[in-house]
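Okay, so subunit A shows up in both of these, paired with subunit B first and subunit C after.
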Partner chain A sequence: MIKKLLIVDDEAEICEFLKSFFEDRDFKVATAHNGIAALEQVERFQPDVVLLDIQMPGMDGLQTLKKMKDTHPKLKVIMVTAVETQEKIEEAMRLGADNYITKPLSLEYLEKDVQDKIDSLAKIS
Partner chain B sequence: MRTPKTLLKKSLVALVLFFLGALAAYFLPLLVPASGASAWVHHPLLPIFVMTLIFVVAHKAIERLIKKLLEKYFFHKKTYAQMTLMDLAGDLAVNLDLQEIANLVVNTFGEVLHLKTVALLVPDPLQNNFEVASAYGWRISASKKIRLAVDTPLLKMIHQTGPHILMRGPVLQSLSWQEANALACDLDALQAGWVIPLFVKGELEGILAFGALVPDTVFDQSDFHFFREFAAVIGPCLHNALVVKRLRQLNFELQDSQSQWVQKTKLNAIEKLAAGIAHEIHNPLAIISGKAQVLLMQKGPKQLEPNVQEALNTIVKQTRRAADITRKLLLYSQGSRGPQEWVSLEKVLDETLALLAYQASLDKIEITRNLDPELPRYHANIQEIREIFLNLLLNAVEAVGSEGKIVVEMKYLREEGLLEITCSDTGKGIPADHLDKVFNPFYTTRHEAVGLGLFVTQQITHRYGGSIRVESQVGIGSLFTLQLPCSPETARSGEAEKRVVEGVSGRGGQ
Partner chain C sequence: MKSLDGTALRILKIKRNAALESDPVFRGMPAMPKKVDLLTVPKFDYQEVLRDVARSMVRLKRPDRLLKLIIRFIDRQFGLTHASLLVLDPKKGCYVFVNSKGAKRLPVGLVKFDTNHPVVQWFAGSQKKLPIQKDFLFLSDVKKMLSRAEFRMASNSKGDHLLAIQKTMQNLKVELLVPGYFKDTLVGLLMLGRRVNGRCFTTQEVTFFQTLAHDCSMAVKTAEHNQNLIEQNHELERRLQEIERMRSKEQKTYYEIMRSLAEEVHAKEPNIFGHVSEVERLGMMTAREMGIDLSGNTKDLLSAALILHDVGKIGIPDNILCKPGQLTQEEWKVMKTHVEKGARILEPLTDFKRVREIIMAHHERFDGSGYPRGLKGDEISIEARIIAVVDSFHAIVSSRCYREGRSLDSAIQEVRNCSGTQFDPVVVDAFLRALKKELQKKGEIPSVLNEYSEA
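Then we have the complex of A and B:
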């Protein structure tokens, strides 16, 4: 089974770095640098899991999350935050985010969490 | 009472009568025409007869006159009292302390006029009522309870009648029975038979209410004249003292709001800075840390040398630390509050002490806790309370270094409605010129520390409407005193709500 991951971050370096990390682990990875591009990629690329940065110019992570969950309720979304307030994190969880992790990322934890999400999807289907 | 005063009075009366009699006896013959026809004029018993006559007729009148004169010039209590009070008024004019003035006025007034009770009420602009500044013949606790709102019958009456002295009897008689009843309640509360309003430039600056020891005491016209004069003198003194008090209060408030404003501006700047830094720095940190982690996760033939592995681990750890600093700073400057619950302070303190116990035992630091047995539960965010204890204790441990004592005390000050947490240490102390800086962000004396602990503690304390202060002596130690307001809404007795605190869970993921 092909594991598909979409990485959304306004910082290109982060996208590239995470892309190579997950590609090394047999993921198929797409990237997007803003909310609108992310929504397009969700349609085109049909990812299993999305890594979504909260703080982005234009449409921010929370708005993007809401739209994604509206159209694709089964999509697993992990929020990536730099420094968010408790309220923002709680709002993300309320909007249906499946988890959140803070930067700098612990890759070990991130890999395990993404894998868990994929496994849970596999179980359902 | 056979006092010298009575004796003097009697002898004076006798003397005057004798003098008058002798005068009459001497002049009587001269008044009668000197023709020899009236030989009775020279009768030896005539002077005695005239003198007796005058004694009988004039005795009462003379006695009254003598008494009046005597009392006026030597023994008149009221006159004497009035002189003392006018002296007092002179003393008051140079005094600007409201409390001292009030004490002097009521005590002297009460003692000199032999009154049962005297109370001086002054306006409290904040509460919009009159409170007792000082009282004579009252229990302090009872007098402190008296407060006259501006719409009470007595104050309405005073504003109607102006600076006239109110006498209980006549005033009550002049009113309808409902009004009289209401006013009597106010007068009873003050135990007052007379009320002197103290007006200064049309403003009511004080009320002197007093009651006499003897129920049917009557003051006469001259007394009232004196009361008015007295009021005219102490009124301005009181006015000045009140103005000074208000000025001091305003000055204090101004300083307070100014320092709050400075603090707020500082915080805003920190928040902006921290938010910017956090976003800009966390991304590079994520990449640095990520790349190091990727190298560390390599397996198989490309296994790394131990020293390279160690270096990479350090990179990961230090980037995490750098990120924590900006995160912490941002969260506290934003004043974000987590969920609130009923917290057992004792439990949180014990958890914190458990964290530090190992380090403390290594450094030979003895930590004692001293808790109020009836400590209430406190409505707060448990993380923040934890942060307070941790920062205070970490700070104390660092200050002591090795071998020393730390004492943590928690008290519930019921009367003040405050929870007081004190943490004292026998550490190196803080120099006097650094005392006002210890709560500044990034203030630290240790190279490896960030200097946010006490800043964060102060921020949390302020957020709960509390205060924190520090006293310290170099070489002896420091004492941090933290007070949190603890109203019935924020405090609960330990009995209630036992279950609430048990299930504390944090959410987060890495």
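Then we have the complex of A and C:
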């Protein structure tokens, strides 16, 4: 099974680093630097899992999350953000986020969580 | 060779910038040859560079800048894929990347290492175990150790530990790990990528990195220490301001109470309405006439003294204070204590030290025959000398319970008679001049004095 991951972050360096990290683990990876581009990639690239930043210019991560979940309810979305207010976490969870990981993050934990989401999808299908 | 020239130019540009910023870190670098052969490492004097780093540690007020310089220096000087620094953040309780330079640099602020991370664990407990010559870790050494039979067994905790370290180093494209300690705590970890030219690091270079890692840790600790000091200072300042604000509020309240008490004291004495405010007005008028500089708090000080001069009378029994006839000698003794009593009442007002002194002296006489201390001439403060004149004058023109009021003319005559004995002649002159001006302005008989001239 091909594992497909979409990384959404307005910082290109972060996208590149995580892309190379997951490609080393046999993921197919696409990146997007804003909400609109992320929604386009969801349609075109059809990812299994999305890593989604919150603070982005234009449409923010939470709005993007809502749109993604409206059109693709089965898509696994992991919020990856430096924002850690209780309010944002609760809102993200209410909008259907599958996890909320704050930066700086443990690469080991991120890897395991993404793999868990892939595994849970495999079980359903 | 174009790209080589490009590299040389880039390095020279940094050197020039560094010289412009007069960064001591860069001063130890040797002159660059015109063409750089990437297969030979540029030679420079390690000792000189280290001395410069040490010197800049002392001089540099911003240790975070020193960290930046060290990382940039390593990256450029050794031609690495990346040079990164992981640092302990005591507030977050984990290690985070604070700086990274090079083509394969790591994004700062994305990755953290918890204190139980295999790499942190490897170094955290190792300072005592490992001699300094071995306190670093090459990826190649990890691989070598893993190839040994003893680690290939399935349930081997050290093997697992090494595997986890290997994985992390590969994830981050790290060839060499160099720890930096402060006391026994792992504070920083230099993470170095491989050389672009593929060469290995020499022992001398590793020792050099160890020293720099140590310097980084010192800089981090210094920065933390500075930050703590700054925060403590801010907090202290905030509290001091708060205390000062409360104190001044308290003092203002206390002053207001004293003022109304002073009015109350005189309200007990019949036929002497408005004594407090009249003494204040006449006193200020006299001071102005004398040319006393009333800017700043001099005015408040004099005003407070004029208002509160008799506040000690609160402590005098009514049968003495309001006695219609002459006071006995014993009663006079009690009456005279109002001076010290007033000073004592004002003790809690720390800003009123001068006011207390003035009040203590307002019954002193110019010739030295007054009370309580028998001061004379200049020994009595100018404010007290003014109060003596206007207090007596107003007492005469109005009427106290112990004697009939006199006319304005005789009050003026009395003040003039006592000039040089009871009163300072300079103050008397100024007072009478000011009074005359006032009378002229208001017409022959000013209503304010008229009101008090007849009992």
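General observations
The definition used in the following text is that the second predicted complex is superposed on the first by the 125 of 125 C-alpha atoms of A that agree within 3 Å, B and C clash if a C-alpha of one lies under 4 Å from a C-alpha of the other, contacts with A are read in each partner's own complex, and residues count from 1 in each chain.
Quick note on the criterion: a residue touches a chain if its C-beta (ideal position, glycine included) is under 8 Å from a C-beta of that chain, and two chains touch if they have at least 3 such contacts.
Remember, predicted model here, so these are calculated numbers, not experimental data.
Per the definitions stated earlier, placing subunit B and subunit C onto a shared subunit A by superposition produces a clash between them.
Of the two partner chains, subunit B is the only one that A:E87 touches; subunit C does not reach it.
After overlaying the two complexes on the shared chain, residue contacts for A:S106 are found with subunit B and with subunit C alike. When the two complexes are overlaid on their common chain A, residue A:I14 makes contact with subunit B and with subunit C alike.
Contacts of A:F27 after superposition on the shared chain: neither subunit B nor subunit C is touched. Contacts of A:Q55 after superposition: subunit B is touched, whereas subunit C is not reached. Touched residues of subunit A were counted for both subunit B and subunit C, and B has more of them.
Stretch 130-138 is the one among 76-84, 130-138, 346-354 or 418-426 where subunit C clashes with subunit B after the superposition on chain A. Shared interface residues of subunit A (contacting subunit B in one complex, subunit C in the other): 11, 13-14, 17-18, 21, 82, 103-108. If you check the complex, the residues on subunit C that touch subunit A are 92, 94, 96-97, 105-107, 109-114, 117, 168, 170-171.
The touching residues of subunit A, when paired with subunit C in their complex, are 11, 13-14, 17-18, 21, 24, 82, 103-108. Residues of subunit A touching subunit B in their complex: 11, 13-14, 17-18, 21, 55, 82-83, 85-87, 99-109, 113.
Every residue of subunit B that touches subunit A in the complex is listed here, in rising order: 274-275, 278-279, 282-283, 285-291, 293-294, 297, 316, 319-320, 323, 326-327, 330-331, 334, 336-338, 508-510.
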